[in-house]
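By written order: A, B and C. Residues from 1 in each chain.
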Amino acid sequence: MSEVLLETRGLSRNFGALAATRDVTFRLEAGARRALIGPNGAGKTTFINLLTGVLKPSHGSVLLKGRDITAASQAERVKLGIARTFQINRLFRGLSVLENVYIAVAERVGAAREIFRPAGWRKDVIEESMHLLETLKLERDARHRISELPYGRQRLVEIAIALGLKPEVLLLDEPAAGVPSAESHIILDAIAGLPPNIGVLIIEHDMDLVFRFAQHITVLVSGAIFAEGTPKEIGANADVRAVYLGQASTRG
Amino acid sequence: MIFGIDVASILLGGFAAGMVLFIVSVGLSVTMGLMGFVNLAHGGFAMIGGYVIVLSMNRWGVGFVPAMALGFILTAAFSVVLERLLYSRLYRAVELDQVLFTIGLVFIMIAAVTLLIGPENQQIQLPQMLRGQMDLGFTSYRTYSVVLIIIGVVFVVALWLGFERTRMGAQIRAAVDNRRMAESLGINVNRLFTLTFAFGSGMAALGGGLGAEFLGLDPQYALKYLVFFLIVVAVGGLGRVTGVFYAALIIGVLDFVLKQYVPRGGTLYIYALTILLLLWRPQGLFGKSA
Amino acid sequence: MTTPSAHLLQHPAALALARRHHLRAWEPLPWILAIAAYFAFPTYLTFGTELLVTILFALSLDLALGYAGIITLGHAAFFGVGAYAVGMLSIYAGWTEPISALFAAAITAGVLGLLSGWVLLRTRGLTLLMLTLSFAALLEELSNQFGEYTGGFDGKNLTFLPILGLFEFDQLSSKSQYLYVLAVLFLVFLVVRSIIYSPFGQSLTGIRENILRMPAVGTPVQSRLVMAYGMSAAVAGVAGALLAQATLFVNQTFLSLDRSAAVIIILILGGYGRLYGAFIGAIAYMALSHFLSKAYPTAWQLGLGLLLVVIALFARNGVLGIGERLWLFVGWRFRRPGNRAAP
């Protein structure tokens, strides 16, 4: 049994009368490849926001490697080893791809507090950033501004920034969202190539990606865990299909 | 009881000034709350409206109330033209660009008025009925100030009813609270904004005209009192009619008191109070918390 | 692991980043021109000194506004504090040695910047705008209130010892002042330049470009902003102190809203976030204002207003932004291989 990296206990979050997250108890181990799925409005992004510290819970706690981090800020949690990507890109659009990743790596190694030495002298940071781009097959875009890249490759940069933080837990919020199907394979390849020892949680709607990538699936409905299991179990679960089909028929 | 009379006249004087502040600033508060647009040219609309009102009275003998109506309509129309042609291009722009644009606009307004009409202060001739003193029972006070207070109360009640009881008011409140949500509900926020912008500018014009008697009216009006309008809006809370009202009253009374008892450097306390208030409640006294 | 990854550093992007801070060929130009002006325009040195001070002030604002994205309508507060620091020290503490007084001004303004930044920068948007505005206005009113000490609007005349014991402050010709201010501007510019090109400066740009992303990469955004604000305040303080020393005078207009507004206009005009925007904006604004605003004040206001509206609508990045677009356009016309990354 691998080490439990990320854990929540009875995590709940209310917005007035709306219970966005309901008593969620959840575990993510080292090396995990977990998918979080659920119909629209199930509270998946709210859950990620609770995990990363963007939101504070109404009840319950979040633990990282056994340590209670419920009170920790976003930045503190990043330093402790949690990284995330956003559903809609949050990149530094006017900067080059390399500079985008540089910012993340520099922050991690503590270079970002240096005032009197040029950024260009931190060869270690530049090298690590380039290496990361290479692993994600982004090196030929390294010099281009984000605004010049096709959307699919921009989503890759989003992942590159998160990886530059050398996280132990990686939370990907709909990495394939908005990516044209012609380009979605690059996202898949990137996810397949993630370091094996980190715990990965992906929110996704793209079932193809989910069933190809996930070893475990958690289904979230109306803020609470509805079902958990292997892809095979979830795929065969009639209740899950009903929840999704119910959604599909109302969408018409 | 001398002490009591002093308090009464302070309150009356302060409230009168506060009402003018309220009437000018309410439009700014709602448009800022609705569109998040920093409109530093709002004082310019007050100035222009004031000029329309005062000049039409002085030069063309238009009556007091018709002049007010004229000022409201012309300024509102003018603001719609500006909004459709220029302001709307900057809705998605960064705050800085909005600040720059509106500062530039107000410079143009001031320069244009100076060139066309001249830099002198415009004196308003109040109709006979509004001059002199009025007997209120416990004291007698300037008729005009009392009338201003009544007008102000009428406005705030009318606006409050408008916001709380009409459909358009509900739409505005919804859009102020959560614009995207309002849009997804089918509310045409852009059209709403044009209407509120026009109304707000018209109100500013009224404020400029009504306040001309004691605030004066010259081209510099647009910038001279801008800081006060901004303070009232920030302290009151964006998009909150009641907030602007109370903030305007507080600032009005405070300024009046300071002018009487601390003639030199009284504004210092207003700035200090603003800073303390905004640090304590950044969203303003009545604004929604982040 | 060194040989296989050494090629990474040879990648054009890596090389560009490594060389980003290198001196470009034209960078000595402004300084050469400034020295040439000393010899070419001996009668305009007072104006020249004021111009150099304005450049430094605009530079300080660029750190806060252009790089960290902090919109402040009250930057003259620090300018004035620096000026009053050297002024009051000179009159009441007999501290007339100019260079050490400059340091005192920088520290005073810097500390004030750190303290006020720590308190004010928790807010955003209109609230921050109003707080910075009110803070500067408050200081100006305080200066007015304590007019017996500060001289209020009439101000105080100051005296200073000769610079380095050799060069006297000559109020008429401003010869020593000009070179003194130029020297200080140069040194402070080097410091600011190095901050901009450092990893710290890079993180400021990150904050400006996407403030929501920065906590998600572990940046303590608040303390970074406060640090940048403090640095910006210190440089503004030096600028104010220099003007007080050069003109041998200080009054409350050093703190005025007009000055805060003018410096924002100058920076936007030249182009913010581009280091040299301060230079271009200051030169353009001061030249135009010097010749127009005294003679035709209304026309000046009208022209300035039109300019601002046009910039806000069409040329948000100022003169340098237009220059950049032209440059990129020219580069595209000649089909240069690869694209340029952000400067």
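The criterion applied here is as follows: contacts are C-beta pairs under 8 Å (C-beta built on N, C-alpha and C of every residue); 3 or more make two chains touch, one makes a residue touch a chain.
The shown structure was predicted, so the numbers you read here are calculated from the model rather than taken from an experiment.
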Spelling it out: a chain qualifies if it touches subunit B and also touches subunit C; which chains qualify? none
Chain pair bearing the highest count of C-beta contacts: A-C
Taking each chain's centre as the mean of its Cα atoms, which chain lies farthest from subunit A? B
Quick check: how many Å separate the C-alpha centres of subunit B and subunit C? 34
Indicate the whole-number Å distance between the mean C-alpha point of subunit A and the mean C-alpha point of subunit C. 40
I'd like the Å distance between the centres of subunit A and subunit B, where a centre is the mean of that chain's Cα atoms. 48
At least two other chains touched by the same residue of subunit A: list those residues. none
Subunit C residues counted as touching two or more neighbouring chains: none
Counting only contacts in the complex, subunit C reaches subunit B at residues 65, 71, 73, 119-120, 122-123, 125-127, 129-131, 133-135, 137-138, 141-142, 144-145, 257, 261, 264-265, 268, 298-299, 301-302, 304-313, 316
In the complex, go through subunit C and note every residue touching subunit A. 5, 8-9, 11-14, 16-21, 194-195, 197-203, 205-206, 209-210, 212-213, 215-221, 224, 338-342
Which positions of subunit B touch subunit C when the two form their complex? 32, 36, 38, 86, 89-90, 93-101, 103-112, 114-115, 227, 230-231, 233-234, 238, 264-265, 267-268, 271-272, 274-275, 278-279, 282-284
Subunit A - residues contacting subunit C, complex: 52, 73-75, 78-79, 83-84, 86, 90-99, 102-104, 106-108, 111-123, 125-127, 130-131, 134, 139, 142-145, 148, 161, 164-165
